[in-house]
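Accompanying notes for the structure given below.
Here the chain labels run A, B, C and D in written order, and each chain numbers its own residues starting at 1.
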């Protein structure tokens, strides 16, 4: 009889789930809500600020071309190269800024930790697919653009199980 | 937006479609129509309503509503229609398709997933069509060293055998493709071909995993064939007939499942094993032997075998309904006429809408109840797939040989005692007729 | 005359040879992996006699990436992102051990709040790994529902890790000196709610999977690894605990804050595949318990990270630090020669140690038991290859 | 001149370090030193960890003593470290115990140094069966031949590996 009760319990558990809410959400129509504006780092305190590690954002008015991000990346992904930019900034004598190859980047965020000038942060934008590998290389001017991302669903726990809801 | 390739031109796309249409039209006018007319000229044409059904008459009848229904009625009672369309292949294939879709959605629901979603806008109802098209366009890879004739023949044989089982299942009084007197035995005889096909195919594919899978299929089949047949025997004793229509008729008052619950249980388990569905899907156990005897299947070969196995699923669920759930009997819920007074009125359009002459309340009711019961059984089989892991081969053989056979024998003797004791049976206390 | 005798002898020899060959033909060699659905990135050759496995030869290395060699060319911080690659589902634990080793070499202690947060991250990571493992165990035994439920419920924990660290699986969160960032706003309530809900899901797993008679038939009494054999083979983690040795690094050698946390070391004495499959579920319950305590006892404010230079130089010496990962004790033996880069890193991982039990258990068992035994060993091919 | 410097660095590694001494460590080390005397050299002693260095000839003997008298029943890992400056390869066995509850948190590193040009060492497979794959890995990664090991052959590396053992220090990674 132990066998029978085992089967009946399994059947009960399985059929119970027919009325639970489905857990998946429709991705392109709905997107996940993230905590902040992306991972940031406060060099004074030496700790980061929690957030999603998506693609980077580069503040041209703060970047000094010190290459610390490229040095940090050297042993990890070698995704950052310093390139010459046409702009003239007082703090950036050499006029070089990071250019990031997202075909190589592993989104560890250690370059953000390395930047002492609040110039390189990460954003919520993680949708970076493209048809060619060359499109994955983001130049400093592309990195300066603040991405638009509006996710609205997050995990909710209700009487009919956990689900993704607004 | 990002789904189009950079070199996509809409004009080229339209042009290619127009070109294909033109080629098809040209071929039809030049080749296919003459061939059709030549053949029609030489074959004898049937007589409907006292007129020879020439193609011209046929087309004219299709536009004249008053003449359409007799033609439909005539075609519905031809053997070809029965075998190919209604209780036969197309009907069963449709149910198989619906079963596949429902199975995917139901399992998805049970597993808190979505299941098919995108094909066909509404919850992915055209997913199966998309899958079928995909399988059709896929390359068929024949392994080197394979026995090519058998490798090509086996999937077709599989579908044909499954369709042969379907042909024996009645769905309503008189609606059966082959109404043979040894119906039940014929069903078991045809079912006995499946492991042979599996073994042949696995041997022909010249690979190790299919070979093991084929052997497993054979073992499983032999272990479960005997309880399968023995569990159906008491039903034959009770209704004193092997004809499936007769067996269904004998349950007019009491369904067999109330008299023989253990038999029904054994039959259900054995049919799961016969179908190689989840607790018993050893021949296709993917974590042990890749995909078992289906390892070397590709493209439409795989599609045909899937179709065959779902046809078999429908056939066995139908057989369960015929044997234990009283066949097509159920309360009459359909009206005698679809639109009351349509037969008396002389309005052809109204008669056509009411399907006068074609519509038969009893038949429709029978088919309805048969379908409801069959779907319930299929649903049970699907749910069992969701909650169980795979069984091991030695436990399976042990279950088949030691438990189920003994159970069916005991049950058989109990039923015989009850019949001779005059409790159940044709002249028993609990009368069936 | 003699030539005839020779011929007869020759024929006898030949026939002997033929019979010997036919005897060998009884055995069928099956290659399980690397493209077999029941193997992972791993291959083992088995020989079967009928339905019985008579010979097993594991051949790992399909995803070997020279992890230990790579460490010698990067500094301690740069090592973190690639160290977690072998087990991205358990990334917080694998970097935890390395961080402990580096902190020991450098000679710093992590702030107390940082210790709590990284213990929390490692517990979440362990839960998510165990669910992934459980999902694959389910599908290996042909239970498709048991594949989908843990894979779906894992989202609860992945979501928490994502909030905490910013990445879903490759967290790079535990680094030498503490953690990368403080917990975000409103994290405690969210974490508590989701972990509590997750704990109720474990009952459903038991109903549909562990108490299912078919599963019991398949796993109970299968692949018995006795206590003596387990000790002899030096297995670890849930495999060891299922064989009746209550060994858990968090208990026997508490690192960071684990000496303040109350939990039981769950172990079973039946030594079979079922025990090895069930001990991780018991562990998951304990992990939920630990997470609640960690959230409760965590100091409200404070530093989370000891500030270290990017090119921190460690004193020459060597150390061996271990943590309890999802697969057992995970130790890092780090040798330093005073430069910013480690001189030699050796990872002693649970998977590699449990691999030794695979031929031992599979030989003599049935082919149908192969997935039940293989995946119950809590073996992660990528980690074993490093 | 530079080479000399590095050599000094390397030899510095094997200095005795007295750190926070532990009762367990002390009793264990005492027991070993009373038994083996100068044959065993203590490298470091920390809380729950200690490392001893023995000569290759005494390796089996020491391991046997540790297993029989102290309950070290398994090896967590067997690994090697290449010291090209000393022309030596160090083999480390991280021994642990599951049968002796006192030694649960304890890891004893049993190490030996073999010549780098022709590295050969006695296998501990008969004493600790758990070192089988670890020693095999050490063989292919560092080229140390383990005498008495049944399968000194390729394990993790590709089948067609024809280069030198990759964990040797003179095996360079491309581009670094």
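In this text, contacts are C-beta pairs under 8 Å (C-beta built on N, C-alpha and C of every residue); 3 or more make two chains touch, one makes a residue touch a chain.
Listed by chain with UniProt protein names: A = NADH-quinone oxidoreductase subunit I; B = NADH-quinone oxidoreductase subunit H; C = NAD(P)H-quinone oxidoreductase subunit H; D = NAD(P)H-quinone oxidoreductase subunit J.
Small disclaimer: the values here were computed from a predicted structure and weren't measured.
Which chain has its Cα centroid closest to the overall Cα centroid?
Chain nearest the centroid of all protein C-alpha atoms: C.
If you average the CA coordinates per chain, which chain's centre is most distant from that of chain D?
Result for max centroid distance from chain D is chain B.
Go ahead and note the Å separation of the Cα centroids belonging to chain C and chain D.
24
What's the distance between the Cα centroids of chain B and chain D, rounded to whole Å?
Each chain's C-alpha centroid was found; their separation is 68 Å.
Using mean CA coordinates as chain centres, what's the chain A-chain C distance in Å?
27
How many angstrom between the C-alpha centroids of chain B and chain A?
Here chain A and chain B have centroids separated by 50 Å.
Where in chain D do residues touch at least two different other chains?
Residue numbers touching two or more other chains: none in chain D.
Quick check: what residues of chain C touch more than one other chain, meaning two or more?
Where chain C meets two or more other chains at a single residue, that happens at 73, 145, 152, 208, 212.
Which chain A residues reach two or more other chains?
Within chain A, residues 10, 13-14, 17, 23-24 contact more than one other chain.
Which pairs of chains touch each other in this structure?
Every pair of chains in contact is listed here: A-B, A-C, B-C, C-D.
Spell out the part of chain C that touches chain B in their complex, as residue ranges.
28, 30, 36-38, 51, 138-149, 152, 208-209, 212, 214-215, 217-218, 366-371
Per the contact definition, I'd like the list of chain C residues that touch chain A in the complex.
Against chain A, the touching part of chain C is residues 73-75, 77-82, 145, 152-153, 155-156, 159, 162-167, 170, 172, 180-185, 187, 193-194, 197, 204, 207-208, 211-213, 216, 303-305, 307, 310.
Mind listing the chain B positions that touch chain C in their complex?
107, 110-113, 208-209, 212, 278-279, 281-282, 285-291, 385-395
If you look only at chain A, which of its residues touch chain B in the complex?
Chain A reaches chain B through residues 10-11, 13-15, 17-18, 20-24, 26, 129, 131, 161.
Give every residue of chain C touching chain D within the complex, in rising order.
So the residues of chain C touching chain D come out as 59-61, 64, 66, 68-70, 73, 230-236, 240, 245, 247, 252-253, 316-320, 322, 329, 331, 333, 335, 337-338, 343-344, 346, 348, 352-353, 355-356, 385.
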